[in-house]
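Next come two complexes built around chain A: one with chain B, the other with chain C.
Moving on to the complex of A and B:
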């Protein structure tokens, strides 16, 4: 049994699994159920001046029979009065003193407003604050959420206002709807943030109904862009976490969010530099009970790797995540087809033929059976065939001896000396 | 199955009929599972295995976790993955039955427990010793399941087993092409690894006295199951070539294959699951022709539909409404013919089925070389009487909640309490009763402290 507890920017949590701010953390009833199921913490549904929500709010991408490959919403921050939320936070904290409650906050970019709300939530005993600069719809039109999250100066300024009043750690939640997320990460740390969390949702339109020509979802025939999340956004979130983690001028703790649904996703985010984790869509899809396998699976994984603490995972893959110019140009891999595993769907052949480098040959072997072979001298090692292959182990990418390693950067440096 | 002609190629016929799922099949199947909440499959499982949870764990690659979920709920989880009538239980309850095809729960359970068998990861720990002792009579699924749970609670457990190996019918009774003996023995090992002492070759009532158990232990669990097939009470039953199905299958299961049946004509008396097992074993041993002889009709047979289908696939013939009257010898003490009488169905009887009645002057003869009797199992009545337990024709009476017998110190679980319309004789039911017995002992002992 490994130790799953984390220390995230001074906030101690029994495990790294927190619910992200969203529908699952909308009320005390839900957060208490989540804590009973095993979640280590919850970031409360964003507090601010109450808003009015539209009905019909969500939609999802179902892909080839799998439901919710991606998820989209046009919901705003909490629509419940602040005093009700505060009362339920206090009550939940009292019942579950060991679990972490973070207040997610969003107010207008005015210094007094930030001071006021920070005091109110700290008075009811939250363990930390998360500033929501990420919501891409609705709130942005009012100058909040991603509208302020896309402007580094506003991020820095508002973070510093929150910090002026805060006694608990301040986490800044970043929007992915920006070209370079490290710019706003940097602004947050300049503003005094104790940690950053990312990602919030990505601008998206789920689809169009081909009969009515309405957007999906639609509100009385009209739609608007929403925020995308769920399994489909994980690669984007992971790269953004990695980009922030590998910034050499900052070692600000990161709470990883975006498409986390299993202990495997969790371990990957931690290896890429996240100390804490947040989950929204997966809990909405399957319920709070998913945390049981997240805890159990992570525990068994750590045991298997001989690691005593989950903190030993944090950042272990960050040094391996580099600029393209640091990659070895002379490294070679080629595809190899294992005849005994191959089921002869010929997907690799057509993928290579039309989408890569025309080096997988179809032929008839000496027993008259169809077979496939890679012409290794022409294979560029792109992986496409092994990606489209439906059978595990039928195509291996084999390492070939190459010349002395040399990266692009080394090559340029060498050329410059000539 | 191929027709064996020599003793050497007999063995192949006893390989498991159903193959393990391949890795791709596993991934496709786990991705199909809906991960239902308050799932009907879990409720349909007598041991309430949290099916969606273990399937989700296979999907996430947490194989140890998956095996743990299964074995925690069911100490015979690997056996049950192979022998449970899943169509009647978990898979029959799957919500996908209506929408598409049910999830192959049994096969996924097998995949997860195969992992555990291969990886030798200890899944459970014994509890802190509580100073109390329990004797368990019989090491079948009921006894082993009680033993494991009691060991986890901290009891010092001693199991007495009259046979050479532990495991009960899992080790000796369920045909090897459905359940290889090694699976059952692995489950035995799991229980032993918790510090449970299993004394094999030790029959209670003979090698160890009932009074000794009653005096030396704080509680006793009677889990002796049922015994051999009853006598038919017709002439010729003692001839060579007339076998008891339980003993016949036991020999096959324990690896004593013989070429004696190659090319022979065989008749199996009865049409329950055991009869089908005996018939399909005979076929695999090379019998040229196997007939099942049953005094009622197809509609009344007690074998599961999938067992019946399996027998038909194996080329077993069925003689409905036929009852043996006597076995006739070949002059050398070996059975050669069977005299039968035709039957017809009359009024509904106590079992709720139409009573078979003899058709006058309908006698006829069948030429046969082998007879296997599979008409139920008799009870260990004298042992039950030696314990002084209230019983109904050898079916021990228990409190359905606590599994306590008329003697509060003695509990009973498994086939020894099965009968009179109280569920099915199944491994999974025996395992669940063992678990519940252990829980009741724990609760009652603790309340006494």
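Moving on to the complex of A and C:
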């Protein structure tokens, strides 16, 4: 059995699975249930001046039979007074001293306000702080959340104010609603952040009701943009984690967030540079006990790979994540249809004809049956046919021998010598 | 569409010029493709410039690979 414990910016956790700040970490009751289920830590729902929420608050994208492929919320930060939350944090910490509790914080961009809240939450024994510069709705209209998080100068300044008062590690949670997330990641590190977490939710509107023309969700006939999360955002989150992880001017630890719901997702985020992981939507969808499968699955995976510690996974795929110009232009794969497995649905032919490079031909085989074949010399190896094929194993992408590797950057350098 | 046939035609043109002792001296790439200029190594024929307009991406890869190969042989 592998060692699943992590050391995240000095915070030791029994496993990498933390609940992200959100509805599942609203109260001591919930966080204690989560710890009983096996979560290594929890980021308490964001603390700040208590707010007033609206109903309804959540909506989901169900796609082709998959419930909650994407999830949207317009709920704000905690609606409970700070002293109530602090009392429950202290109680929880006392009952579960080995589990990690991080306080998520959001206040106005004023130095004294950051000092005040940091001192108050550290007094009850939290293991670290997460500065919420990511929430895209509601609080942003008041100059907080992503309104702060989209301005690198504000990220740096507020991080430095939190650090002035903090004795525990400071994690800065980044918004994805920005052109280049590495700019705010860098600003956080310049402000003295001990770690970053990403991504917060993505600006979104789930839909429009075609009968009432109301937005989904709506509040008495009116709607607003919310924060999108869940499985659908994982590729975006993974890319942003990778972008931050491969920055050579900063090796700041990363807590990966965004669509993590299985041990596979967890392993992918760690391979792409995340030391810790945060989960919210999957816990809301399936309950706290999903962590059991995540722990078992990750353990088995590490055993299969012969790795003694989960920390051995961290960042192993980062060197493989490069700029387009570093990719080999001479690398060549082509599609090959396995006639034994093909069900002759012709989806690959149609996809190739209409959406790709017109290289899958229909013909009649020697037994008079319809068949499909790839004209390999015209195949550009785009993968579309194997993506649309409904039968696993019916289309393989075969590697073909080619010239020595040459990247676009190398090609351009060569031409520049003429 | 059989783009490969166009590539084969363009490859043949490149190969023939190389076999005739020409070398690539200039490449201009723009909206209309790659314009690759070949000139004989033979000093007496320096004014005989051939320009190929290459349309296919495989040809654009091919002439670059050939150029690199010649450089490697030279060095």
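Following the convention adopted for this analysis, the second predicted complex is superposed on the first by the 418 of 418 C-alpha atoms of A that agree within 3 Å, B and C clash if a C-alpha of one lies under 4 Å from a C-alpha of the other, contacts with A are read in each partner's own complex, and residues count from 1 in each chain.
One rule holds in what follows: a residue touches a chain if its C-beta (ideal position, glycine included) is under 8 Å from a C-beta of that chain, and two chains touch if they have at least 3 such contacts.
Note that the structure is a prediction, hence the values are computed from the model and not measured.
Judged by the touch definition given at the top, the superposed model places A:300 against chain B, while chain C stays out of reach.
Shared-chain residue A:406: touches chain C; no touch with chain B.
By the touch criterion defined above, A:262 reaches chain B but does not reach chain C. Of all residues in chain B, those touching chain A in their complex are 23-24, 31, 35, 37, 53, 56-57, 59-62, 64-65, 68. Of all residues in chain C, those touching chain A in their complex are 1-4, 24-27, 61, 64-65, 67-68, 71. Of all residues in chain A, only 329-330, 357-358, 375, 377-378, 403-404, 406, 411, 414-415, 418 touch chain C in the complex they form. The touching residues of chain A, counted against chain B in their complex, run 66, 262-264, 286-287, 289-290, 292-293, 296-297, 300-301, 390-392.
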